Each structure stands twice: as structure tokens, then as C-alpha cells.
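Labels run A, B, C and D following the written order; every chain starts at residue 1.
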Amino acid sequence: MNASVITGETRFRVRYAETDQMGVVYHSNFIVWFEVGRVELLRQLGFRYRDMEEQDDCHIAVVDLRLRYKAPAHYDDEVVIRARLKNMRESLLHFSYEIVRAADNTLLAEGETTHIVVNSKFEKTQLPEKYRQAFAAAVDK
Amino acid sequence: MNASVITGETRFRVRYAETDQMGVVYHSNFIVWFEVGRVELLRQLGFRYRDMEEQDDCHIAVVDLRLRYKAPAHYDDEVVIRARLKNMRESLLHFSYEIVRAADNTLLAEGETTHIVVNSKFEKTQLPEKYRQAFAAAVDK
Amino acid sequence: MNASVITGETRFRVRYAETDQMGVVYHSNFIVWFEVGRVELLRQLGFRYRDMEEQDDCHIAVVDLRLRYKAPAHYDDEVVIRARLKNMRESLLHFSYEIVRAADNTLLAEGETTHIVVNSKFEKTQLPEKYRQAFAAAVDK
Amino acid sequence: MNASVITGETRFRVRYAETDQMGVVYHSNFIVWFEVGRVELLRQLGFRYRDMEEQDDCHIAVVDLRLRYKAPAHYDDEVVIRARLKNMRESLLHFSYEIVRAADNTLLAEGETTHIVVNSKFEKTQLPEKYRQAFAAAVDK
């Protein structure tokens, strides 16, 4: 990882609703957290994903997702989500993520998602130039 | 309750994702189940809520919700959701619900929701006549 | 409301996962947010709900819930959850909540929940003295 | 795929709560559906996952997950989840899944999960013999 790479970082506490009867966070919630990190990364690049959708009819739909669970997350744990843009090519965006427990920096999960840029009708579209440039500069080389 | 009242009834198994670390269904999921029952009631009246939204731009937005929890629901329990239309007035709809465990008919929860009819911009609108008539006939007098 | 009343206040952004196809937050998520506010209130009183469960086998199970929806919440909105303890009697706890949009202080929803104190087997139990005292002082008179 | 392979098949309708503001099912819900399919596969092999947990303290914790999204799922769509056991080795279980829209058999998503068998303290454990034999016979060779 390049030291200068831009990372979207968010931290919040695990909600009770996110646990399951094993006493840990139910595994699909990590996917929700990935997205929270992804959106914070965009915000750090100067964009609100909300505006991308509303103003530019530009949506980044997930097409591929990979996740490796390393350690369970518990209720009320403070977790840190870090998201990075790994690659961008045409209308394909590739992000990577890691989720750590804030208290002891234990890695809880890591993963990657691939997205295509689509309009609100789910038709493949071009990423507008302003995003393209900002994203290109943020790619984790 | 009138014996001839129309009841939307659905049954399904509790999902693992719906449990929490107390080992029971997390309480907000009952609200999701209420909706599943509500939609089945509409289907039984001859309508798909999906069509109400897509074809008639007619959405029933919840404005008030009341829920009494009677007994915990457990993972893999088969639950039965029963929904009834209690009242209809102008663009106000009032539904009631009960959730029971199929195995022993234990009442798990009961509640009511009030809805207003709105268009996709959340502006109050009239319930189209075809719904109004079918709904009026279904009201639990 | 007493100016000196203790209020648990949390703020966070609406997640994409919390929206539905009406373009607003799906209504059951407000229940999850109520809980986030409730837990922050306890933290402000000096307790972690996690410890109440783990160390004192003391769980506050919801038995009644009431919610009035005032205005829709949107994706990426920053929302503020405020929770107060309205009443405490034996092993009954009564909380009230309001959810506002941070940007313009619009009230999005308000509601109340009633809880009983139970052990991990869902048997009614006494609230340990340390909680009882702190809670009594926090009741919104 | 072997024609005689045992497949856990479930079908249900997409819930409104599962949609997001793009008007399609939010992507983390497919993970929840995978699990519903996995549990039905176990049931078809003669076991309830609930009993595995309660009676044999035997939990199958996910360690790796892969998902490819092919087409969006919509509200009220009837979806079919098919789960198969791809491989079993020591305390590792490898499942594969496909999710199709019932109406036209369109493939919506496919994926794989890897699980380890653990006890309630998340310590690696052996799969009891009765499961091992039934699972071995069900592996999709």
C-alpha cells in the first residue's frame, strides 16, 4: 500500500440489531459497513454519492463481492472501516476494504467489491469526467 | 372480529439474520413482518401492492405504528402473520396484525398501523376507486 | 421537558441499506435507531448496556412500542436521535425518543417504548440497585 | 452438476424492506438468502440447523464469501434460492448457491461460502459423525 493513498475511514459502534444468536455480528452486515466506508471515501475525494445519484444519474452498482472473515465483531464494539479505490477502468470500479476493532486494532474482515457505473435504468454509462479525474488520482497504486 | 372478515395470512420461518444476541428475533423485524402480512392481505383482495405503486402511483406510507410484544420468536420457528383492514376513511388506512407461532399458536405480538395514501412525491392523494371499493368491502366491521 | 433532564444523543448518517424503493428510510429502521439512542442514554448515565447484559445478566426486553412518523428521512441525511427515560417503576422502564434531521432540525419521528427487566432466560428480574439509583435520578420529571 | 445431487431449494417473495432507493434489492440481502437456502439444504439432509446448534453445540461459521450479481431483484418478485454442498474436508464446509427469479428463471446471483465448524465459543471443533456421513453423501461430485 502506498503511504499517500487516500482512505475513506469511518468508525461507529456495533448496533444490537446487527448481532445474531451466536452473540456476534451477523455476517451480512459487513457488506453494509463496506458501503458506509465506500461512501466516506467518495466524500473524502470531494463528492457525495447522493449527488452522484441525484444530479448526475450515476450509480455504482455492485457486480462482484468478496469477503474474508477474520474475527467476530461484538455488540457495542467500536469498529473502523477503511475503504480504498484499487482500480478504475472504463466504467468499472474496484474497491478494497478492511474492518478492524478500534480497541485493539484486530482485523475483523477484509474484502473487495467491483462495481459498474449505471444510470437509474441500470444501463451501463460513463463516469462523468469530474469523478474520473478525482478517482484516478485516488487509485491505490 | 367478524367471522367473514378477510385476513391476509402468510407463514414463513424465522431467519438466522433476524435473531439477536438475546437468542430471539430482534424486535424491529416484527415491523417488517407486519408489512409482509399487509401485502398479502392486498393480494387476497385482488391487488398487488407493486402494481398500486407502479401503475397508479399510489403508496401507503405509514404514519403511526403500535406494537405489543407478547412472547419471543426463535430462530427457525414457523410464524404466521395475520393482517386485517380495520378502518378506511378518506386517504387514511388502519390495519391490525397478529403474529403467532405456528407450532402451538402462541401469540407473539399484535399491533396496528395507520397509513396515508401518497404519490411518489409524498403528496397526499386519493385512493383510486377500484381500491376504495375492494377495501371498503374488506373492512373488519 | 425539564431543562436539566439527561438525554442520550447520537448522530449518524443514514445508510444506503436503510432506504427502500420509495427513496426514503424504510420505517422499521427507526426502531433500530431508537435503540441506538437508548444505549447512548445509558452510557451517559455511566453504564454500558453490554455490561448490564454480560456482568449483571440484566436485559431490558421491549414489551410495547409506539411510533409516529412525521417526515421521511433520506439517504445520507445526518440524523440526531434523542432518548429520555420517562418513567421507572419496579422492573418497568419507559423511554421516549425523538429523531430529527440535523440540517434543519425537522422532526422525523417520535415515539415511546416500554421495557421489562429480564434475565437471559427471559424471566422477570429486579434491576440491580446501582442502575436503579442512576435511573431514578435521570427520570424526566 | 450431477443430476442426483441434493439441492436445498426455497422460494419466497422479495420484501419491501429488502429494497433500496435504486428500486432493487439491496445487495447484502442476497447473503441472508444464501443462508436461508443453506439451512433448507440441511433440512433436506435430515437435520435442523437449530438442533445442530442447540443439541450438538455445532455452529458453521462463515469464513469466506464470494458473490457475483447478475441481474437486479425487484420487490414482490418470487425468488428461488438453490444451495449445494460443494465440498467437505475436516471441519471445512464449502457451499455454492444460485438465486433465480421464479417467473422467468433469470439468474440473479451466484456465489460460494466457506465455513468452519466451531462451538459456541468459536473454537474449532469436529463435525459429529451423523452430520459427517449425511454431508459426505450430499457433496456435489
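Assume contacts are C-beta pairs under 8 Å (C-beta built on N, C-alpha and C of every residue); 3 or more make two chains touch, one makes a residue touch a chain.
Chain by chain, the UniProt names read as follows: A, B, C, D = Acyl-CoA thioesterase.
What you see is a predicted model, and the numbers here were worked out from it, not measured in a lab.
For the pairs B-C and A-B, the count of C-beta pairs in contact is higher at B-C. Greatest centre-to-centre distance from subunit B (Acyl-CoA thioesterase) is found for A, with centres as Cα means.
Centre-to-centre, using mean CA coordinates, subunit B (Acyl-CoA thioesterase) is 24 Å away from subunit C (Acyl-CoA thioesterase).
Distance between subunit B (Acyl-CoA thioesterase) and subunit D (Acyl-CoA thioesterase), defined via averaged C-alpha coordinates, is recorded as 28 Å.
Centre-to-centre, using mean CA coordinates, subunit A (Acyl-CoA thioesterase) is 34 Å away from subunit B (Acyl-CoA thioesterase).
Shared interface positions of subunit D (Acyl-CoA thioesterase), defined as residues touching 2 or more other chains, are 16-17, 21-24, 28, 32, 75.
Interface residues of subunit C (Acyl-CoA thioesterase), counted against subunit D (Acyl-CoA thioesterase) in their complex, comprise 16-17, 19-24, 26, 28, 75.
Those residues of subunit B (Acyl-CoA thioesterase) lying in contact with subunit D (Acyl-CoA thioesterase) across their complex are 12-13, 15-17, 32, 35-36, 39, 48-50, 74-76. Those residues of subunit D (Acyl-CoA thioesterase) that touch subunit A (Acyl-CoA thioesterase) in the complex are listed here as 21-24, 27-29, 31-32, 53, 59, 61-69, 72, 120, 122.
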